[in-house]
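Each structure below is given as structure tokens.
Both of the next two complexes hold chain A, though its partner changes from chain B to chain C.
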Partner chain A sequence: MKTRPFLALFVSPAALAALALVGALAAILQYAFRAFVPGSMEPGGLTLANFEALLRPLYAGVFLQTVWICLITALVTLVVAYPLAYAIVRSRSVTLKSFLLITALTPMFLGEVVRTYSWIIVLGNSGFINSVLRGLGLIERPIQLMFTTTGVVIALVHVTLPIMTIMLAAALSHIDAAYEKAATSLGAGPVRVFLTVTLPLSMPGIVAGVTTAFAWTFSAFATPQMIGGGRVPMVSTLIYQLGFASFNFPFAAALSVTGLALTFAVLALAKAALSPLERMGAH
Partner chain B sequence: MAAERLHTGTEAPAATSARVGVQIDGVTKKFGAFTALHEAWLKIEQGSFMTLLGPSGCGKTTLLNLLAGFLEANGGEIFVDGQLMTETPPYAREIGVVFQNYALFPHMSVEKNVGYGLAARGVPKREIASRVADMLALVKLSDFGHRKPKELSGGQQQRVALARALVIRPKLLLLDEPFSALDKNLRGAMQVEIKEIQRSLGVTTIFVTHDQSEALSMSDRIAVMSAGRIRQVGTPDEIYRRPTDRFVASFVGDVNVLPAKLERRLDDRASVMVGAVRVEVPAGTVDGLAPGAAVDLFVRPDALAIGEKGSGFPGTIAAHVYQGSHVDVLVDSPATTGGRLLVRVPGTQAPHRWPVGQAVGVTPTGDAVAFPPEAA
Partner chain C sequence: MRRPLSHRLLGLAGKIAVGLVVAFILLPAVVVTMSAFNDKAIMNFPPTGFSTRWFARAFSYSDFSSGFRNGLIVTAFASTIALVVGTGFAFVLDRYEFRGKKAMEAILTSPLVIPHFTIGLGFLILAAQIHAARGFAVVVVTHVVLVLPFVMRSVYVSLRNLDARLELAAASLGARPGRTLFTITLPLLLPGLVSGWLFAAILSFNEFTASLFVTAQATQTLPVAMYNYVREYADPTLAALSVVYIVVTALLLTIANRFLGLGKVLNVEHGR
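Here is the complex of A and B:
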């Protein structure tokens, strides 16, 4: 066996970080099973009451709504990112490629708060979208986007766009352009080529992108908090309210643990459901 | 541009007799400032096998892509079976293509791959099944219909690619370096097989390759290309034995180059002198040169014979390369530009008759061609 002299040295920072993460998760896990003592920062004895409370319609509803928002966000992002990724991969012009890449990736470089504030300016009742639509005479009253699910989804799509674009572009760049040429020479028009060749072969990228976007959106906080303004409750904003407004740390911890478990469950489910599709693209 | 197109458009039917499968009229392709193809003119007989031969970057692949419709020409017209193709989108051209790496759809079975073109045409399912089965039988893959391409060997993949291209009954079959991914033994067998299938179906075929031996063995006619131009079009024998272009003579097959002087021209023959040895050549390639002008004489290794010292060009045997059916003998000789002549001696006796170090004379016995010397 080959000895790797620097292995221990290189692995130790990662091990330390992992250890800290495991420690934090363990702390949250034990908080989730402790009783809430109103008026005290210290949790009480062991209990399952926190998880029982989760089954109340109010909280269960927030979970369902969160899963729904994540799903819609992931699908809308897919539809927006696909043509973008395709153009980045297949464009012959280097200038166009760089322009599209920068446009697609910029959201990553903006801080979450800055980005969300920009969306408030765009989505507000006298914001960019509404002023333009009114200026064009298309609407008489402003469309309510702020504090709505639609507004939150729009802003969340912007958050997940870069990662989705990168994943799709990676998948598309692995598809030999000769496949599309071959299909074309055999008499398939552009739509047929896309549906029978490009789309199935990019399925691994689509599955990876959608599941990643789903997980990202599930944990997003600033966007639903600021755009939703408390009227679009998601698991993350609920955790914040319980933890930092009511100081109910045990219940907030239970929510976090359940959210994490739910994310894993949904990802596993998605993987199982999509694996036949994913195999389509296997080379 | 429009007027030009109208002009060639009215002329084309007269020029396109029933026997012309493909007609390429002054086709030019530029990539920015770089001209990949300079006004190519070519006529290909229906049902024949034409090879575009040349080194990489010579424009052969560009021409293939123009024919398939993957690229748009900057000028000129392409006709297939008398029909103007230039404005036809690639999916409506009815041209079958076998790609270099076959480009078999990895997510589809062999059957689905072969049936793809028929499904795209809306052919009924039962007819697709029977035509795919016929085609798989033709390429001897009847039992492989349900496999995925990656479960097949290279040779089998190539047959699937061929079946997929032929099942649509194309007017023209394009083969883009289809043998380069195969190992050498398989290559020869596949060449014979493809040639047989092509002949039995009578499909006009254009084969792109940089391999001169493939070109010589498979083609009815060869168009040798270099630097975006078609240099010579002819049968393999014409290309090999009577090249009309310096590039063609040196690219196709091995060749010895000997500095010589033009002696005189008589009708279509001319004679040149290599030292004191007189060699007859066709006059066409030395047109416009005065007697006494310097020329380069090109002689194939199989058009030279080794004899006793004192005859032909003087030389000394330097080495033997045993090739089974013949022996390549390297002869050090001041007569050639490189200082060393290559002589192909049939049989295996050469090393015994002409041992290394022996002084010999080398005589030209077959076709030779002279060209003006390369501009310095």
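Here is the complex of A and C:
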């Protein structure tokens, strides 16, 4: 094996890591089909009861609400992130470029707790938004933002903004500016150039950004937990509650398995639905 | 040539849009900073007086200092292990073909889309099943799996940009593969390795959701301690700690950008 030095040496640690992950996922899958024994951490015999319980309106409703929140968040984030990504890629000043890039990235590295806590101070009844609006005499009683879907979505957009910006910026930076110049020299106005050249060519980034934002929103826990305060239930908060308040780990596992299946289904669906567009921007 | 008025208006609208987005991103950081220096225990706006006592409390609160220590332990192990594992695999991804390569790549990058609560729950159950104690080992393994995709990507991008002729030159001059690796390949990869390790370290130190599942009281990391604090107290101590977090993270990213070029690492600008 002279042509492939170090292959085994380099692959084995990664194989161990992959094995650990597969083991963890297999453990969830196995628990999902076991019975819950109240008062005991050990699961009982094999059963399908966990998945039957999922069909009850209460739990099915949480799933629908979660998907809805993920969709709204992904789309709003796309609209908010696009101008920022565009400015990062196209700005001619290096200082401005670095400032925008670091501003866009810092929230991603802060972690969900710090970010969500900050949003509590912004959204609360005596928080920033309500104090400013009241100070200006625009409202008399505070607008309820905490414990509402709107509040959760606002904070979630903030959470998914960095990754969306990175993906859009990556796509935009690979567009050859000559295409836009050509369109302009042929007489197209800036709006037309954007709509017929830039936007279609950035489609791969849009597809990647929206699907990733969807997955990240689905994965978010601290934000719906702290801002929703139990009144905006999502799959993540439900799983935590089942595990650590009722110790019903088999049902929590069944929810996780279903959530995972749903995530992959949505990712596949989005990809299939948008693949004609992606091909359009692929050359 | 002056651009027509409509074009200039459009450019202005674009600048305003970017300004609003930047304001939206920075708003929580600004508000949390104002709150951190407010002397009142309740969160109110505008702040009534200046005080640094919340910083004093944040630094003296024992759960935060033990969380900080635990976090450093987990981060040091997890990011370093992830760097070794990720570099090896990125190397293999770039250079070799073997059976199962695609599957392994799919598994190892899957934590990018698998919810962290699922991974946390999975390792919690796995640890219970193999009767492992809920110590640091479980937390470290969970973090390695979570940050691995970022290390792999960072190193892989550097490998792609590496000029293979330098390695060929070394080999043709008689260097054995091991020598080429250590004297040519790894030094050339250094920026990618450093940025990969830095990303992994920051992400691991700040990871919350999976950590909430796999940590116990004795292994609680800082974000978990912070989450528990918010549930018990409503004073601005956490705001003070958040300010420290924001400043340190922004500084680290600025340094990383200065020396490594975040744009290139993240693929948002073309490397030359």
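Some notes on this structure:
The rule we apply is simple: the second predicted complex is superposed on the first by the 281 of 283 C-alpha atoms of A that agree within 3 Å, B and C clash if a C-alpha of one lies under 4 Å from a C-alpha of the other, contacts with A are read in each partner's own complex, and residues count from 1 in each chain.
Keep this in mind: a residue touches a chain if its C-beta (ideal position, glycine included) is under 8 Å from a C-beta of that chain, and two chains touch if they have at least 3 such contacts.
These numbers come from a predicted model, not from an experiment.
Residue contacts after overlaying the shared chain place A:Val197 against chain B, while chain C stays out of touching range.
Contact with neither chain B nor chain C is seen for A:Ala49 once the two complexes are overlaid on the shared chain. Set against each other, chain B and chain C touch different numbers of residues in chain A, with C touching more.
Of the two partner chains, neither chain B nor chain C is touched by A:Ala35. When the two complexes are overlaid on their common chain A, residue A:Leu267 makes contact with chain C while staying clear of chain B.
Once the two complexes are laid over each other on the shared chain, residue contacts for A:Ile121 go to chain C alone; chain B is not touched. Look at A:Ala183: by the touch rule set out above, it reaches chain B but stays clear of chain C.
Look at A:Ala169: by the touch rule set out above, it reaches chain C but stays clear of chain B. By the touch criterion defined above, A:Phe221 lies against chain C but remains apart from chain B after alignment on the C-alpha atoms of chain A. Shared contact residues of chain A with chain B and chain C: 189.
Residues of chain A that touch chain B in their complex: 176, 178-179, 181-189, 192-193, 196-197, 200-201, 280-283. Residue ranges of chain C in contact with chain A, taken from their complex: 6-7, 10, 14, 17-18, 21-22, 24-29, 31-32, 35, 42-46, 84-86, 88-89, 91-92, 95-96, 98, 104, 107-108, 110-119, 121-126, 128-129, 141, 144-145, 148, 177-178, 181, 202-203, 206-209, 212-213, 223, 226-227, 230, 238-239, 241-242, 245-246, 249-250, 252-254, 257, 262-263, 266-270.
The touching residues of chain A, counted against chain C in their complex, run 4-7, 9-11, 13-18, 20-25, 27-28, 31, 41, 80-81, 83-89, 97-98, 100-107, 109-115, 117-122, 124, 126-128, 131-132, 135, 158, 161, 166, 169-170, 173-174, 189-191, 212, 215, 218-219, 221-222, 226, 236, 239-240, 243, 249, 252-253, 256, 259-260, 263-264, 267. On the chain B side of its complex with chain A, the touching residues are 68-70, 90-97, 99-101, 103-107, 116-117, 120-121, 150, 164-165, 168.
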